[in-house]
Amino acid sequence: MRLATLTSGGDCPGLNAVIRGIVRTANTEYSSTVVGYLDGWVGLMEDRRVDLYDDAYIDSILLRGGTILGTGRLHPDKFKAGIDTIKANLDDAGIDALIAIGGEGTLKGAKWLSDNGIPVVGVPKTIDNDVAATDYTFGFDTAVSVATDAIDRLHTTAESHNRILIVEVMGRHVGWIALHAGMAGGAHYTVIPEEPFDIADICKAMERRFQMGEKYGIIVVAEGAIPKEGTMDAGLGEEDEFGHKTFTGMGQIIADEIKERLGYDVRTTVLGHIQRGGTPTAYDRVLATRYGVHAARAAHEGHFDTCVALHGEDIELVPLETAVAHLKQVPEGRYQTAKSMFG
Amino acid sequence: MRLATLTSGGDCPGLNAVIRGIVRTANTEYSSTVVGYLDGWVGLMEDRRVDLYDDAYIDSILLRGGTILGTGRLHPDKFKAGIDTIKANLDDAGIDALIAIGGEGTLKGAKWLSDNGIPVVGVPKTIDNDVAATDYTFGFDTAVSVATDAIDRLHTTAESHNRILIVEVMGRHVGWIALHAGMAGGAHYTVIPEEPFDIADICKAMERRFQMGEKYGIIVVAEGAIPKEGTMDAGLGEEDEFGHKTFTGMGQIIADEIKERLGYDVRTTVLGHIQRGGTPTAYDRVLATRYGVHAARAAHEGHFDTCVALHGEDIELVPLETAVAHLKQVPEGRYQTAKSMFG
Amino acid sequence: MRLATLTSGGDCPGLNAVIRGIVRTANTEYSSTVVGYLDGWVGLMEDRRVDLYDDAYIDSILLRGGTILGTGRLHPDKFKAGIDTIKANLDDAGIDALIAIGGEGTLKGAKWLSDNGIPVVGVPKTIDNDVAATDYTFGFDTAVSVATDAIDRLHTTAESHNRILIVEVMGRHVGWIALHAGMAGGAHYTVIPEEPFDIADICKAMERRFQMGEKYGIIVVAEGAIPKEGTMDAGLGEEDEFGHKTFTGMGQIIADEIKERLGYDVRTTVLGHIQRGGTPTAYDRVLATRYGVHAARAAHEGHFDTCVALHGEDIELVPLETAVAHLKQVPEGRYQTAKSMFG
Amino acid sequence: MRLATLTSGGDCPGLNAVIRGIVRTANTEYSSTVVGYLDGWVGLMEDRRVDLYDDAYIDSILLRGGTILGTGRLHPDKFKAGIDTIKANLDDAGIDALIAIGGEGTLKGAKWLSDNGIPVVGVPKTIDNDVAATDYTFGFDTAVSVATDAIDRLHTTAESHNRILIVEVMGRHVGWIALHAGMAGGAHYTVIPEEPFDIADICKAMERRFQMGEKYGIIVVAEGAIPKEGTMDAGLGEEDEFGHKTFTGMGQIIADEIKERLGYDVRTTVLGHIQRGGTPTAYDRVLATRYGVHAARAAHEGHFDTCVALHGEDIELVPLETAVAHLKQVPEGRYQTAKSMFG
């Protein structure tokens, strides 16, 4: 058998571990060969590819962030218009099955290819942990760990200066990174997109801390946080592709408002790209490797139109369709648990 | 309501996060008070305890390894003989419910107290991840991370010296730490207690590497690894409390045998206590905090004779009995997946 | 003897290690007592202080970032006007000598107290490593390590996305952090305040990389970087207290200009406060501890009007005056060595 | 010009950073080419070599532990007997100068080659920091950091179990790693080879801790520690090449003796190879890079029979002879400073 794989969308620690898992399993369990298309769907359209061998190089990528295949973005219309080229390219290269590693957009593309007769297996990838079909996605644990390390460092500097520190983390549509990093880092308040915040509540929480003799506060803010209607002026914002209002620099907006209302010294740190780069945690390496092994097995066993997913301790296959059905948001109960740790 | 809690058995990163979760939830959600018994069951017997307040000190223990309550071991017979003392102590202190945090032995003790009329909730604690009732236990991710960091470091030194390196990790009865650390660390062979090893297989794997031009090998060995009957002389070993044969220094025993058979330079590193100490990973802090919150809620809602457990993404309550029913071993399929990554 | 100590100015990993070093040495070597004034000079003026004992608490602060004494800022005029209050407070508390831990401003204050008859020993503290009298200052190694970790993570994400990434690090007047983090992180260009940059040179270096087949670039920018006169429009900037022009958000300014000139995707990460918070590196713990020991010895031996300093492997005493004589900038030769590693 | 380089002796984090520094400087500053001999002197004798280009591969090795050139050991007699082969090999390969990176033995070999007319520059490499001619050697900071991380983890586990923990670190002839890791890790006692220990002193220190209410102790032991004559029976030991007595497993020997004398629970952790493997710290990357740059410059400027060395903040050249003149031991004053932090 001859497999192809590609990585698409934003990069995420663990992508290389998936690729390694696929290549080794194809080689060890099935004596198959694997081809990697470069720069996501773009490389598939332009027939840019490399052969992937089970050698020392593939062995060494386990620890490496990013993706050795590169990634890219292609507009869905262009993608769909190129279906004949894609089929021809896969045919010419003698590909029997395609494993697509990517986020929501990529898996939708994979589903569309599958509907058009191409044998596809999907591997969900999102640093945001917002894929409903799986308990966790690789990259998420690394992002949470990096954010938590940063928060750990910020506690002492905030305390020494009697200061409120806002830490803006990733999460435009969901608050999973903020929720976990806030809980792991002992934040005194965490704001997530799922529950519009009332700035008065945040201020009240900070004031209570200072009244009880504490000298500082740490607030974790998901970049997609939005104020509750009518509670504060955060500018006009913009509408995103889901019709949600979004704001840029929400950490700083909140900082300015707290400073204005309470008069405290408030500073903002935007963690940015360091959350998605670098060596994956042990957790993510294991999860990504298992995804790769099971995706390769699914392809060899003919279980197409599926996506690998973590359920409890097991990797299972779910219909590709369900993997992209809806965004997995932080449920109210989980946020309630986090809230009990504030303050 | 007035809660009591204690930690018993070997220490484990995340114990303090559980305690913090209990204290804060009792305080925030129920306005209850919490008492901590010192040094496990011993302190309960001797009525040594401290009041735990939801203050800056409790807030600060989230990051701290070990347990602020101390831990200890008490022989089951002495424990059972002391039931009247225990009841009297709990009565005198006005305790309405007890949350016992510990491993298999501790949870068995908790079950026995529950059967004797004491309102008990259990929190499973084992660095080895061998509790069947829960997907994962806190401390395990930290142990795997520490072991993986060590293996990462050993790759380059082994490679520079054309050497085989054995890394002995924890796991006397189960191979979870070895399995995950071996997979995350890119080990070329991993030996677990669940599957007795044939030294000839290990040697063959190493020779194949060297024949393919590789210059080194990393082998992860769970401390409880045992040779397949009749394949090599590993000394007499001893019988443990489960009737299993165990050996001390299995890493070194394997190293000596490989050296003898293949003539390569083989060295052993025993990771030891660093696997169970220090700051918990973000993953373990979140899991432990959630355990604490849910255990406190269970106690307040009167759900006694239960144990908190992670199922998928949710913390649920299981009967205390099932938590100690049997040891969760590495299933054959999981080890098979690991094997596909060897080499 | 009765010592007093205080920490003043911005916080810095290692401050607590110095305090611990002072307290233990005073206790172990001289059986003296130590008092800590809170919030820097402010606490000295307001006579807010705590007794510091050589106990488990002091032992535990070695690893802790920030300063247990708090820090603060006091205008030099107010400080000088309060000299009688300061003298009275020290007298009333029975203080024989004061150890002032702080940066340039603090040491100038210490010198002025010394000139006014107060027995003072200084300990230099600056994350920026800009004190001329000492080879290195504690906190610097930690800041460089944090920045280097971040750069390590950014390499793979930049590479996966064919992107130029700007990393803005601390250093308003000197480029030591940028120089070391850039060299340790394998940056492809590093910009420091000491040498005004020509944006055309940076663009040329990036283009050369892309022409040679590289797909990304990492540029480290000290926050105090300034453009060479007439090479680009960076806005008006402001004049700082030394009469230097400074700009806010120089990383973003450079990013915009490169994007404009070359058309590449350029992103900026501002590391911010994480560089000065959290657990100090082993290097900084050793240096800070030794500073504390030697400062306590200097005070006991009557070597006042001095400052501890690292020269080669030794801690020596230098006149307090020389410690604040001038800013230690990155010499041209050092920057030349860094440049040979660009590209 | 055409340079050659090789790495010899035990591996050490930073070796690759030196190689990268040499190759880039040769290329950038002098447009020269560089050849790397494989496996140390052995490869030079057997004419096994590779061309080293200033490319993406060389750029990527900065972070990598070990040495891409491999290392090996060759008996001095064989080495000297091969002088004609060495000369012929260097001639045939058109080598103008050799940069030898290695420890005491390697530098002695380099000196001998230099005395025999080969243009040589040395780069000192020792994880033990025992080269007298330089303030610090690369690899040392990484080893100390790894050991300190381990000690940090051991504190909480020792404390939770009321236990004394012995941590055996590297250092057969000198105690630098033990001294620094013990000071950075807050050890309660540190034993170094330079000062034979009296077991009674160690026991006394531990008892004092327990009497003051502490519940645990951490003791750092350099592997080359030796008991003071007549104070305890540590077995016969062996004589090393310097005529010093050495013992294997000194950590365990001390643990057994303390247990015997005090009756406490005492455990031992031997850190082993993890101290010399893996990614170098930022400090070591900078030092190693600068060594590489300056060694390449020395070779091009004709400053042969020299060795690069760190003096204060500067890299300087010292006569190769002085680099191997004597072992740099921990001076009594430094150990005294460490002692003031015990307890």
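In this document, chain identifiers A, B, C and D correspond to the written order of the chains, with residue numbering beginning at 1 in each.
As a working rule, a contact is a pair of C-beta atoms (placed from the backbone, for glycine too) under 8 Å apart; a residue touches a chain by one contact, two chains touch by 3 or more.
Molecules present, by chain and UniProt name: A, B, C, D = ATP-dependent 6-phosphofructokinase.
Computed from a prediction, not measured in an experiment: that's the story for all the values here.
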#### Entry: Set of chains adjacent to subunit C and to subunit D
none
### Message
With centres defined by CA atoms only, which chain is the most remote from subunit A?
### Response
D
### Query
How many Å are there between the centre of subunit A and the centre of subunit D, using C-alpha atoms for each centre?
41
### Summary
Chain centres from averaged Cα atoms put subunit A and subunit C apart, in whole Å, by 35
### Touching two or more other chains - residue numbers and ranges from subunit C
152
### Query
For the complex, which residues does subunit A have touching subunit B?
20-21, 24-25, 28-29, 56, 59, 62-63, 135-136, 141, 144-145, 147-148, 152, 180-181, 183-186, 213-214, 281-283, 285-286, 289-290, 293-294, 311-313, 337, 340-341, 343
### Of subunit D, residues touching subunit B in the complex
10-11, 15, 64-67, 70-71, 146, 150, 152-162, 165, 215, 267-270, 272-274, 276-279
